[in-house]
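Structure first, then comments.
Letters A, B, C, D and E mark the chains in the order given here, with residues in each chain numbered from 1 onward.
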């Protein structure tokens, strides 16, 4: 029972982390507090659904198209929608407020378009749903795939961010954009790149969760909130932090569901989150407030 | 000058992370005197001012004013025990006009003034610091020197026993500097006790009764301006090798 | 393809509404149409439910009437003009939208919104203005009192208690036959519906000497129910009951399949009777029990399902959709019988009942509907009350889950 | 080498710099003296592209135009700024800070040699390479900041109050290091409060008051100028 | 207090006349316009109350619906047990207690952390209320059958708004209000002027929460049925923030300037474009963000101001640089 609770918590947490990692890049590096993030996750879920049910393309293969497409889409969003805000912001605080308001508008637009295309209904499809026995627990294969992606993306990006020149440059932008300009980093490009990369990760998350969750056009905000919680808990801009925070939340939910009361699973997420904020406002792995 | 001790600091310690900014500081301030707090950039002068005024919390040590222990009290309580300050980088309330800036000092002191009384008192104080004409100008639109005046006025509105001036004379041109020195001297003659952090040597020589010199967070000299400025350690630490 | 059709329809609908609202602006209102209005959750948490059970029926109903030349009132036959609003799943928006329909648009008839909360929020307003209120998607234990309170309101989906007792009674039958043991594992969504049903279910089951070995709730919005299924799996219950909402229903079914939890009676719903469920699980839907049902042998119902598929490009759900359709038929017949748009007369006709609907001869409020149904050969048939015409035999025990794909 | 002509900078209505002309040559240390708020920092920031200059301003480095370039391109052109307050990446390690210094394409080929040069200059950094920069003392942080600027292989180095927060001993070391940097042919433009020590290592100096240059001369001449003594070396009379 | 002075009596008198006139609205228009009026007045109360705290302090709170919901839920629980005025008192008490708790524990968070915290709080309160109802009272979804008409609700809201404006007006001329303005300008200076910043902020937070709670309580009978999802709908918090920001949260009547046009805009979009409401709303929103420099850009400058001062603090506290 315990091992099952832990393991299913880990797969659940992997999903949270997966969805949150793009946002931590967008918010951490580009300072775009993207409230439309969850809608973009859902868009990818719907595209995966169409691929699967209408075109017969499996979602994992679909990623080959969805990743570059979302890259392009987010590039356009940043260039058209957000660049004017970045240009007029006198400091990061202004950009934060600006981006909250603008992406709030974007949220409605994306949701509205989805609604016109897909209506308000629930969607769900069947893929990789066979049971896999692992460490004495039975888990659906699609959840394991999602967990695998989360770990690979989390660790992969951790390595990229810490071991490569470009990654270090992205972290430098996150820490101090003004100084980053002084070491020849094109901050505008780096911000745009980080936003786009984050958007592509949102799409990957959307495709993977669509394999095992029921979704509808109005569910984006659920993902945005969960992702925000994970991002802030893990420390803004910290990929590994997001992975670990996601896993903590997943395991906590799973343990509470098993040993206390499944009715408290969402409450416990928020209790943990609020406690972390009160005790360590910069997040578990965040730097001191700056 | 009386010899009564107004402020007494002992064993004061403050660290930021691993960096010890203030290390075992101790000195007394007597009633009615102007104490100059000197030292090289980063020697911890402003940190001491922040500790006295409650902007920062000390790790160790004691700060006592008029026999009352104010160590680590919140800033508003310290201001109620008779300490007012100005800031290194001038801080006025930019969207409020001059009268309101002064009223900010009047309205929450130990004996608060409010309404008409505060308005009248504020105008009077503005007159005293030479800002009567700008009474209804937003503070943000004032010139640098006038903002400094206004900030001083706000501090005075609190009717402090002890005034902390943090580089209040910095950045003034020579004629403004003379005005500024005259103003501080007037305050001293009115009986106010003052601690000033200052780099302008002319001002230190003409105003300070006594100087405490800090280096790397610790006190290295304490005495009259002439004494400390000729102290070899002070010369080495503060004034540089070329003066040795 | 499905999507483009949806898009086309939505665009036409939007254009129509836009034209109509302009029309009202210019006061072109010489009673050339009958105006029917509704406010419904097109967005927000209620949207999926409304899109499944209600909106296609309303649209299909209007289209069928207009294709047939319009609504007959007395000797006049005029097309129906629709004024529709989005209540954004908010009670306050719904209240205002209904006020707008009544006072601004001065519509002749109002169709009910979706969901228990919103139907309750608009009920007093409809009552005051004298509109009939046929709530086809509200499940509330207070249904009898509500009908008393607002005379022209009909709470057609019954009370939670009816479903819970219906289920308990049905299970008791199985227990008495020795088919199942007395252990029941029950989970409910922590929302009005889930709580009403689980509360009534708890009492009803305990009264019938069942042992509730698991009795918990899960929060609204929680989709990961794997741990719950895993917990229940080891408790030895022959019967699993989930009073859940569609995302939970799908999640629970899927997790049960993955974990190989296959109780003899597997009950989950709302959502099981949705076409979504069958599309999603295919053969694995076989034997799953839920609330609702439809006698697809009944030609009227078979025809309705066929028309629904043709119109909306998907099947109707086998629970609220059918009730909704019956209320629309009743309303239409009441209007035709009254021969006037006068609301008092129509309300009187509604109270009389005796309409010819897909649920047979129907009187709104008489609560003749399936409490327990089951997927059998791709059809969601009614099982209980067993006294109802066309009640099917339970497929027992539930067949083994098949591997995916 | 660095040639500034008619540099004007405004913040809203407030004019911080008015038509300032200034030059720095290869292998030369030039110091700017002036009171708080005189506009010295604005000058450095304008050169580095952090604040916009007025239209008629011309800033060139070895003949190539810097005026309209964005900050990261200015670094590529060979100008590095050590900003006031150091601007190091506190969360990153010393090694990462230095590596980022070599982010400019012009510096990548010589990254290894430059790193050795910086370590030679500041041997203390060698033992701290994997420490987060913010955990170091002020002096060490200043070394990181200067080291990072040098990693970009600059032709000209701009420093804004590098001695701020340094002990006099540390300040001495710093100025020695600057003298050593000059020897490699890098031009240095310095803003300093510490007039004595900075004039001692400088070749030339400018006086800035209220946003305008009010005087310039060789460092030697400035040191003995009574007006300068009064304004900036008040102690000289002691 | 200068209560009897003309500069007090005149605006209050004008306000009283306007409110008295507004009280006759129900006899002039049909119940659709009344429901629109209720919507406007309720948002006016919420946005003004929000601005009372968030305007001067520049804290963006998304906790509006926490208090609104507490008010509504109190009515759901006690509505049929106690007389309505007493229910309002209970709601006010509940809101005050929660606001005190929240205020003391969270007002040290700054910037986006405070924003997310307040949003999380909404979710937490909703979950806890749900869990309590499910497990303790076993009563989910409560029925409120009260004989309170739409007009009653309108009058109550109108009265509440009048009290709120009067409170805001008096506050604006009181030492407490002045303290809040000083805190908004520069918190450090405020402390050194002898202001107990924490107490002032908490006091205002509680006051603002009290009005939000009462709004929820007054509105609740309108819906007959209340469950946690209905009571704690997070969209409400967003709407209030946007209206207040658009109107200008730093003046007493500023929020009203945002509430009226936006409520009407929402109404027009809802009424005319039920299927494209979201898209149009989003577009309008973007247009506001990009093209209304007077409405929105001015606000950004105000909201960005504290950040600059944080930098200043850091410089002040050298060495160490860890002052923020």
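What we mean here is this: contacts are C-beta pairs under 8 Å (C-beta built on N, C-alpha and C of every residue); 3 or more make two chains touch, one makes a residue touch a chain.
What you see is a predicted model, and the numbers here were worked out from it, not measured in a lab.
The chain with its Cα centroid farthest from the Cα centroid of chain D is C.
Ranked by separation of Cα centres from chain A, the top chain is B.
A straight line joining the Cα centres of chain C and chain E is 37 Å long. Inter-chain centre distance (chain B to chain E, centres taken as mean C-alpha positions): 41 Å. Between chain D and chain E the centroid-to-centroid distance comes to 50 Å (mean Cα coordinates, whole Å).
Shown for chain B are the residues that touch two or more other chains, namely 17, 19, 42. In chain A, the residues that reach two or more other chains under the touch definition are 111, 115-116, 261, 263-264, 266-267, 290. Counting partner chains per residue, chain E shows two or more touched chains at residues 127, 130-131, 134-135, 275-278, 315, 318-319, 321-322.
Against chain A, in their complex, chain E makes its touches with residues 60, 105-106, 109-113, 115-117, 119-121, 123-124, 127-128, 130-131, 134-135, 234, 238, 242, 245, 275-286, 288-290, 296-297, 300-301, 303-304, 306-308, 322, 324.
Interface residues of chain E facing chain C in the complex, by the touch rule stated above, are 30-36, 39, 127, 130-131, 133-135, 138-141, 143, 145, 219, 222-227, 229-230, 233, 235, 267, 270-278.
Contacts from chain E toward chain B in the complex involve residues 1-2, 175, 178-179, 181-182, 185-186, 188-197, 309, 312, 315-323. Touching chain D in their complex are the following residues of chain A: 165, 168-169, 171-172, 175-176, 178-187, 287, 290. Chain D meets chain A in the complex at residues 48-50, 70-73, 75-76, 80-81, 83, 87-92, 96, 99-101, 103-105, 107, 148-149, 152.
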